[in-house]
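Below, chain A partners chain B and then partners chain C, in two separate complexes.
Up next is the complex of A and B:
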């Protein structure tokens, strides 16, 4: 199937609602032709507002603009932007069959009947739902509905595909399968896509780049690897994956905390926290390790085991993933070390 | 006591109600229609006597026009009220549903105040054009009265259905290139179809049988409930009154049954 994805530029797009709430502070970013950008964040972070502005369902505040290639589409409503959109609720038309739904965009565009049928057939085949063509919408399962919704959005060969939490309503195993399928589809079509989700694994798998959003602002833009390994703020660090935090301060080249300290190459900071992932922790003898903590709980998972360690404070436990060889008893004192490149101070 | 006996016991009140309010009166009504002549000639007379036939057709026409106009008006207003949030909205909705509280006689009285011989419309037209327009006692007056008490019922049903519509449906249609007119015609109205059928059927049934308003206004026109009243009280033609009643009931029942078949549940008679 031929598609021509657009390059998308969002410039200083903010959104203030009539009641005065700032859903979105002015944000700017670009999406390359054929790129998939995942917008990730908790509910209320502004990701859906940003998507609706790109889609044309909502205008940005004065001063903001949206560009598809070199065309300023800011004042174009969605029906004239030539985009495809997939909704969390699927939003399939209940008064039409599967085929009627998929053909709708082509019918509106007055595509001749023969060509319309051919293109609908092509998309239904691509989504593996050709046998459902004559079904009514209420006879479909959730997964089938999502496929129809995707087929309907793709049938018009949009320049941009917008997906708003498309898998949220599905159960976990189906979600994972469709995620893989959508990934293959987006890559084979080479279409430009924006994928809004609150599920980090979806964002990390599907996004060529991930935009992490927080309170109407962009917290970080980067590849999945950047976002996970080099978070630039506490919010991003703790939002993606499991992240450990030890609060302390840095003075004269040393990070000091209630559970230990180590030499760092950083300027002094009255308060700083050391961040590290469970998988970057090395367990050592307490007497020689930089940090010393008490084992609180041990979850033996077969191939590995996950330890919950506790320091002096009553905050969140430190999570450590380690191999299955040594056995740890609750109450025992252990030492932990983290390689300098795996340790972040934010 | 066995479960079966217990269930029979539970069914007794329903049986009593069905017998007292449906079967017995209907049966007696049916028998009454054969009091004068022991064959179907009374029913035949409805279709052959010009007075009965014209009143039947007029009533049907009035009910159909009332239903269509009510649906059109209530849909327009209902969609607006269901989507827009503005100050005074709830007051407006309360106001729109006010006529539910009035009996038919009061509605008729209000139509007279509006368009009767001393009515508001008459006064205004007399001042503007010199001619006094009076339509309270005509089919138009009756239609205005029927619209007045039909709109709230349909409006509330349409609004409830419109509020339940997934807003993403319209967004989806627009994303596929549909103009606002297409969105309305292809997505919104089809989705509201069950509500239209349900509330339209109630509207039709009410308009077919409405008496109070007709009694107040219909000095020159004969709608079916008025004819039944006249036959029964003034002419003492009990057989014809009964036959007309059964005819009226049958037409309304057929309309409701069709609506229930095509519109699903939620259709009931009212008024």
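Up next is the complex of A and C:
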């Protein structure tokens, strides 16, 4: 089944609600043909507003525009944009069967009956729900509804697929399985897609690129690898994955903190913070290590162990993932070191 | 243990039967009076007769027909105006629509007599209007509209009509197609429940109608009051019989509809 994806361009789209709240500051970005972009952020960051503007469920403030390929679709309502959308609550029609739901978009487009049946069958097969065709919506499980919602959105062969937190309502194991399936589906269809989520693992797995949003602004756009390894702000650093932070200052080429210091090639700053991931920490002997901390808790996880370390201050513990060989006792003093390329100052 | 359990059960049944009897006896007496030749001699002595029913038909058939006409007209108006109103109120939540909803609901809190008085003060001087049954219809629409609007709005909210419509729109449906294919079919239980409520209330309405009626525009309940005041007890009772026959099927239907829409909204709940 071939689908043709559009290139999407969002230009200076902001949104101010009638009560004066700025849900979205003017943002701009492009999505390449066939690319999946994940919009990630905490609730209230503007990601759903951005999605609704791209979908045509909402217009941007004056000055903003949305382009599909070279067509300005800003003033087109959603029903004329030829997109497919999967809603968080699925929005399946309870008055129609599964087949009726999936066929609805084709019926609206006046696709002849025989072709309609063939295309509905094709999509139901693709989503592995052919046996549910005659079921009523209220007889379906959450996962089945999710599949029907996707099938319904794909049946019209949209030029852009929009997914608004599609897995949020499902339990964890089902979420993971469907995440893998959606990934395979998006890749095999080559359709342009925007995937809104507050779940970072969904965003990292599904997004060719991830747009991290904060308070109505784009905090960072990049591949999953960029976002995780090279965060450009404290917000992105701490929002994605587990991130350790040691507060201190930089003076004459040395970073100094309450738990130790090391030489850095950076300009002086009265307050600076060193950021690093639990997995990039090397445990060393305290005498020779740049940072010295006390073991607070040890979680032995089988293949690895996770240590919670604490310095002099009462802040968040420093989390360290290490192999399962050495054993650490709470209360012991340990030294930690982080390779220069894994250490970020933000 | 088991003995005290069965004692409680028996006691519950006895109490229930007594309470039911207390409530049912007046209705049974009233109905039996309508078919008793002479109520003061009793049904056993004087015998069963349908004379009074025939008499009621001769004297009051027009009030029965007027009640049915007014009820149906009220239904039509509340459907045509109330269903779209409920839809608009649901689609555009805001201060203005909330105020409108309150205003629509207001007649529930105001005594029917006061509404009738207001109508008479405002429109009583328009003779043709005042004398026609349209005047009564106006009162009934005011009084029953909130029941239609509220029951449709409740179903719209339960089914999350806004999101369903967005779903249909994303598939290419125009506003009219969305309303026809998705909103209307799913809101049907609300419309049905509202419609039965409106018809039942309109047929039984007395307060307003008593103030608004003229000698030529009497509805069934107004006629009933009239017969209680000036006719034999048997005629008044036979008249009540007519009222029962008209209203009880509606009440039964209303129960059935409530059960049906309860089941529907129950499944809507499990969807979340």
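Operating definition for what follows: the second predicted complex is superposed on the first by the 346 of 346 C-alpha atoms of A that agree within 3 Å, B and C clash if a C-alpha of one lies under 4 Å from a C-alpha of the other, contacts with A are read in each partner's own complex, and residues count from 1 in each chain.
Going forward, a residue touches a chain if its C-beta (ideal position, glycine included) is under 8 Å from a C-beta of that chain, and two chains touch if they have at least 3 such contacts.
Model, not experiment: these values are computed from the prediction.
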| item | value |
| --- | --- |
| Chain C versus chain B on the shared chain A, clash or fit after superposition | clash |
| First, second, both or neither for A:212, with chain B first and chain C second | neither |
| Contacts of A:170 with chain B and chain C, given as first, second, both or neither | neither |
| Contacts of A:87 with chain B and chain C, given as first, second, both or neither | both |
| Touching partner for A:57 - first (chain B), second (chain C), both, neither | both |
| Touching partner for A:109 - first (chain B), second (chain C), both, neither | both |
| First, second, both or neither for A:138, with chain B first and chain C second | second |
| Touched partner set for A:45, first chain B, second chain C, both or neither | neither |
| Where chain A meets both chain C and chain B, residue numbers | 55, 57, 77-80, 82-85, 87, 89, 91-95, 104-105, 108-109, 152-153, 156, 162 |
| Chain C-touching residues of chain A, taken from the complex the two chains share | 55, 57, 77-80, 82-85, 87, 89-95, 104-105, 108-109, 137-138, 145, 152-153, 156, 162, 169 |
| Residue ranges of chain C in contact with chain A within the complex | 159-160, 163-164, 166-174, 177, 181-182, 185-186, 264, 267-268, 270-272 |
| Residue numbers on chain A that touch chain B, as the complex places them | 55, 57, 77-80, 82-85, 87-89, 91-95, 104-105, 108-109, 152-153, 156, 162 |
| Chain B to chain A touching residues, read off their complex | 166, 168-169, 171-179, 182, 186-187, 190-191, 193 |
